[in-house]
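For reference, chains read A, B, C, D and E in written order, and residue numbers begin at 1 within each chain.
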Amino acid sequence: MPDTVYYALEVTLNGLMSGVMYALVALGFVLIFKASGIFNYAQGVLALFAALTLVGIMDGQVPFAHLINALFGTSLHHFGFKVPALIAILITAGVMTLLAVLVERYVLKHLVNQEPIILFMATIGLAYFLEGLGDAMWGSDIKTLDIGLPKGIDETIESVTNDWFGYGFFIDRLDIVATVIAALLVLALTVFSQYSKQGRALRAVADDHQAALSVGISLRFIWALVWSIAGVVALVAGIMWGSKSGVQFSLSLIALKALPVLMLGGFTSIPGAIVGGLIIGMGEKLFEFFVGPLVGGATENWFAYVLALVFLVFRPQGLFGERIIERV
Amino acid sequence: MNAQTPLTTFTTTADGRKIGDILMEMKNITLRFGGVKAVTDISFDIREGEIRSIIGPNGAGKSSMLNVISGFYVPQEGEVWFRGARRPAIKPYKVARQGIARTFQNIALFDGMSVLDNIMTGRLTLMKTGLLRQALWWGAAEREETAHREKVEKIIDFLEIQAIRKTSVGRLPYGLKKRVELARALAAEPKLLLLDEPMAGMNVEEKEDMCRFILDVNDEFGTTIVLIEHDMGVVMDLSDRVVVMDYGKKIGDGTPDEVRNSQAVIDAYLGVSHE
Amino acid sequence: DLIVPNLSYRTGPYAPGGIPYADGFNDYFTLLNERDGGIGGEKIQVPECETAYNTEKGVECYEATKGQGALVYNPLSTGITYQLIPKVSADGIPLYTPGYGRTSAANGKVFEWVFNYPANYWDGASVAIRYLLDQNGGDLKGKKIALVYHNSAYGKEPIRTLTELSKKHGYDLLQIPVDHPGQEQKSQWLQIRREKPDYVLMWGWGVMNAVAIQEAANINYPMENFIGVWWSGSENDVLPAGMGANGYKSLAMHGTGMDYPLYGDLKKYVIDAGKASGAGDQFGSVLYSRGMYAALVISEAIRKAQQITGKSNITAADLRDGFEQLEITEARMTELGLPKFGQPFKASCSDHGGPGAALLQQWDASAKKWNLITDFIAPDDEVLTPLIMEDSAAYAAENKIAERCK
Amino acid sequence: MLYREAGDFKTTYVADSQTFPIKFDRIRYYIVVAIAFGVIPFVIDDYWANAVFVPFLIYAIAAIGLNILTGYCGQVSLGTGGFMAVGAYACYKLMTAMPDVPIIVHVLLAGLITAFVGVLFGLPSLRIKGFYLAVATLAAQFFLVWLFNKVPWFFNYSASGQITAPERSLFGIAVTGASTPAWAKYLFCLIILFTLAWLARNLTRGSVGRRWMAIRDMDIAAEIIGVNPLTAKLSAFAVSSFYIGIAGALFFTVYLGAVEVGEAFGIQKSFLVLFMVIIGGLGSIFGSFAGAAFLVLLPVLLKNVLVGRLGWPTDLAANLELIIVGGLIIIFLIVEPHGLNQLWRVAKEKLRLWPFPH
Amino acid sequence: MLNATNANGTLLEVNNIEVIYNHVILVLKGVSLSVPKGGVTALLGGNGAGKTTTLKAISNLLKSERGEVTKGSIVYRGDRVQDLSPADLVRRGVVQVMEGRHCFEHLTVEENLLTGAYIRRDSKADIRRDLDMVYTYFPRLKERRKSQAGYTSGGEQQMTAIGRALMSRPETILLDEPSMGLAPQLVEQIFEIVKNVNEGEGVTFLLAEQNTNVALRYAHYGYILESGRVVMDGSARDLRENPDVKEFYLGMSDKGRNSFRDVRSYRRRKRWLA
């Protein structure tokens, strides 16, 4: 039945697009892992925080309004002006950079040369902290994020494919935008990490904090830099995901969709994030399409991990990850 | 440490060198990593009770050779014969259970444990209590633990590290770590002991101590020793026979005197005739 | 004073739903306290406790407020409800779960302490099907109906009913689960696009609703054929999709909008007096009204209990009697300032579930408001009652409960 | 010199390798045990049992379990929630299938079943290491939750997939179900925890524990000195899962009474227990207690202070609670990266020297 | 080369420092030393004497080991440098080669060397030239330049670490046990390099070394540390003549070099337990 073939093709295409959305989140993880060996649990919360801040600024919301009102009996809500999307995005990027500097200063600086699991734990503390802070600052109700990105089915593609195959393919225009942005990001970041002096320094820091210090690499600078970039990447992810579903707590849970991507692509590889995303996105959607109906559906969550696991058994460092050095 | 009776006797030559049966034989070993040839077609034997040194410039393949012996690297070509039989490619932990213990060039102690616990891990091949009995502790597990602890304490006394028994090894200075590593290897009561640069980073005085320990182990328990070391004084004084490697190839094999005077060895490694 | 704890959630993944509900709940009691001096002269205290939709915190909240002399619980979480049912039964405190929780608790013979009138999930499912029958001239044969549901106890509730009903009415049921939190539903909606069901029903909560509506809009699914349960029909769910959500329908347990006299009172005594709960910006939203309605029913039950016992300071056990003998007529609703807002109902020892009728509302995206499009539609009790009996009987057997109300 | 060990000489190896070699510690330990068994059961009420002690005890069991795997054997796992679910559902099936068998047997069997499942999911650890393994264990987490949600047999075909623990008693006293007295819940969990902690301590101080720690500290070196990584890792997975399974069973039967798998045993649970282990201190039984106490008690305490005492709005209090817990985690790590246990040890070392700086 | 006359002023001065690890372990108990500009100063002493700790205190790497200088001061070119970050110190020209190699495992040998030039602002060509210089010093590295450092032999890693420090063109190099694990002819070669760089480019060296024999042949001045204190200092020549140094550090007795075989005949005092 050729219809099944078309359906499968459509599922595949959409899977690839979803994969790009996952990759957007995974990229932030990769950057930080690559530059410091830190598995940044807070990446999802970072995306939420960025999106909240963006919406808050666009709407001219008074930060901490609820807290101020509770303490002083005032009733502040909004400043009464709106900020255009582009300016708000720039301000938010600034906020994320500031946040990066603060994180470096008050957290990471004190944890140089600690084991990875300790640093991981610190990012958990950070996640808690930011989650509370974001909510306290902007409130935990749902917010609509609309910066004018196109949404919905791309009719051109649908009608063209309909003419060709007799079956119109569904592609979400938001996904197309995401794909373009992701491609640009991956390209820029790859160039940065592969061909710049800082890029080499990043990898050096991830290998050995002390040795990096001893050759004059400023961990503080590198970390602040990487966390800023990761913050901006989180903002991009927050915008793309937030446009779909509104901005609220669950946005931070998209990190869970990024983990299998990360694992499959390798924690240290930027192109790995995108390739991993594509494989995971396509794999889970196809599995849900073919096998889901037989077992009652909702298989995507675990299948993504199982798929990644299968790859890992053959390549323990992920597809593009740096070889894990095992020597005595 | 209990006085183990050597399994085989060996004869001692007039100049104090020992000649026993062949314990292990490496036959035409070749080991490659991608394009890098770490070891090329090397053969030599190790006789029971002797101190056999391996020397050679940096990157010559000495450590790789040791890794082949302890089963961590599997050579692409060649055979390892142990106690008169060909040893198939088995997992390192099985090699250890055959009575081969070692130390590592880049210290490989268990940093999260105390010195005592580290040395006790050396005896893991000899401890047999199962999980359940261990969980209940009283009885078999406790008895076994005490028995092994006694042996380990003897080693601690022997290596004179009583005072650091309970410190965590992560904090120890380099030299002491090497000593603890030796203790861990000795705790396994090995037949064959592999030492990879046990004296790197020590001053003369400490080296002398290490030499004393090595010679004592060799004498008292008849343990066969393979030694990698860059200090020619130590190598020449201690070894019964020496293998010289360069770029993965064997360029010399014989008594210290023979090696010292071999032109090939002088060119490749010693530079000037050493004294 | 009477204590009615509010186990709310203003943080966590479901906060956008929890906040307005809790605000409405609190504000109604504030109104009673401010305007009438409480109920029967007793002020109502509403200590709030944050559960974050999390059962463990729910336990903590329950235990903490129980000690203060709580009269009734309303946790707005199916999970916490399941977990509290045995506890309240042992402790003798009523549990009021309007429109959520365990459906078979409608059988008062088994669930002495639990009340879920005026309508429950199964009612909702049945009403939705009735509405569709109505739309199709009474015949759904050969139609394909998809159920998009939150893959949890809550979301699975209607499946039993819908399957039963499909046997009766001959439609095909397509079950499409969405895992928590439901941020990503591409597969589900591609499947819907492919299968082209005639109607889509949704049992969602939290971000899942908004994403589903957005995805439905993306695939150009006809919104008027897309019907959510009453928990999938708040402003939060439709606003993020913008104009795309126009025409989306949902069930409603009660009226919508602010054209009821009571809102005037609320505004006067609570909002403008600066006594509003939370940020005060949820006033009049769907879930706000739901919380308010729940508070209203509870306060009516308290009144009833006071009437029965003749004392104002009632106990939890008295309140159970109040709940059990509660009757809210249309006249009473009008008196309370909510004419035609909720359905009249009358409870009894065995009937803790009420009539179960529901309205349908439709979203007007340009006006950004919900419009009611039907009157109250009654569920198909012929199918539902046996199901409820079966499920409650199983529970009774498992927990060795003897039937009451003989 | 408030704290001293001088003058405390050991003449046998047995005495030297006991759990609390220092007399001062030993006495304090006896006091704690005496209070836990002899005082608390008599004064405990529903609030303290259900909101504080029972969750603390159960999380402590889970934390010890995970600490065995992660802290002692070095295998970071995020499958804890899933394994707890196995324990809970196994216990539920056993309880309903064999109502007459004592509940303690069900709980232990649930542990064994979980141990088996744990070993299965532990197999990839032979190839996959570090954070890769951590993420890989999420496969277990999500798969198990999905399974228990999807297959009606596990929840006895109930309409919504919830499971509810029927009442079961031990020696005529109810320990599960709603009418269980507070002290009975408490004591039941306490006895199990006490026994399990003691067993864990025995396992970790002898050869089994050393095998695990060797694998943790340097797996290659461990293999070369004769530790079989297969048995070492899988035994750690088995023992750890056994503990976690028991914790899951108790969590469902004694603590919550009714659970829904995705909510009670979701990914958040896995993270929570891992946090406990890391904050408490990897590779320490005491640390497991400390970590569980920290993450169970602190939020309750904060809530009571912020909402109960200061009368803050609940949402602000909840936000602030997150901020404080997060901040404290970071501060603790900065002060002492190796957890509360190490903090305690350093404090003791300082006390030993006090009032001299060193 | 043994004359210390080219010591034109003190470059680095360590005054009576005390170091505590983890808030409780006191390791250095008042160490003072001064390093003259353009000199080669050796720091000798047994295992655990505190050599590494001293060097790390100077290069400010202690903090990352939870160690702390609690007393005393460290002055470089007249400025207190204790509160600088290690990176700042490198920018001022002080580079440390750490004990135990510390290569960047996942970087290739060449990338490792290039990170050494991280702080340099000069042209690619200059850096290239220095790279070639390092390769001429260590031909072995050239052969292995494309290998990941983690997979090279111990000695190769040691060469990489030293080469990396040279790449930053420092003014002062703190060398921690450069000879460890190197073949004898390489040890000589390394010290020849030290000598060349020192004399040719005026780079100042402070080196901790166990191989007293070689160290005292190349150094101008030496300090001997024992359990966290300086127990002896003097010009290299004086130290070499000192009978105690001869016995304990050079392994010489009146009869010439002691054989390692004979050491069994007597037992020494156990200094490391001090």
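To be clear about the criterion, a contact is a pair of C-beta atoms (placed from the backbone, for glycine too) under 8 Å apart; a residue touches a chain by one contact, two chains touch by 3 or more.
Chain identities (UniProt): A, D = Branched-chain amino acid ABC transporter permease; B, E = ABC transporter ATP-binding protein.
Computed from a prediction, not measured in an experiment: that's the story for all the values here.
In terms of the stated touch criterion, the partners common to chain A and chain E are B, D, listed by label.
Work out the mean CA point of chain B and of chain E, and you get 29 Å between them.
With centres taken as mean Cα positions, chain D sits 41 Å from chain B. If you average the CA atoms of chain D and of chain E, the two centres end up 47 Å from each other.
The distance from the centre of chain C to the centre of chain E, with each centre set as the mean of the Cα atoms, comes to 75 Å. Across the assembly, chain B contributes residues 72, 104-106, 108 that each touch 2 or more other chains. The set of chain A residues touching two or more other chains comprises 66, 135, 140, 296, 298, 301, 327-328.
Multi-chain contact residues, meaning those touching two or more other chains, occur in chain D at positions 149, 218, 220-221, 224, 313, 315, 318-319, 322. Here the touching chains pair up as A-B, A-C, A-D, A-E, B-D, B-E, C-D, D-E. Contacts from chain D toward chain C in the complex involve residues 45-47, 50-51, 55, 96, 149, 158-162, 164, 166-167, 177-179, 255-260, 262-264, 266, 300, 303-304, 307, 313-315, 317-319, 322. Of all the residues in chain A, the ones that touch chain D in their complex are 39, 66-67, 70, 106-107, 110-111, 114-118, 120-122, 124-133, 135-136, 140, 256, 259-260, 262-263, 267, 295-296, 298-299, 301-302, 305-306, 308-309, 312-313, 316-318, 324, 326-328.
Within the complex formed with chain D, the residues of chain B that make contact are 70-72, 91-93, 95-97, 101-102, 104, 108-113, 117, 120-125, 127, 129, 131, 134-137, 141-142, 144-146, 149-150, 153, 184-185, 188. Considering their complex, residues 67, 72, 104-106, 108 of chain B touch chain A.
Within the complex formed with chain B, the chain D residues making contact are 12-14, 17, 199, 202-203, 205-208, 210-211, 213-214, 216-218, 220-229, 235, 239, 283.
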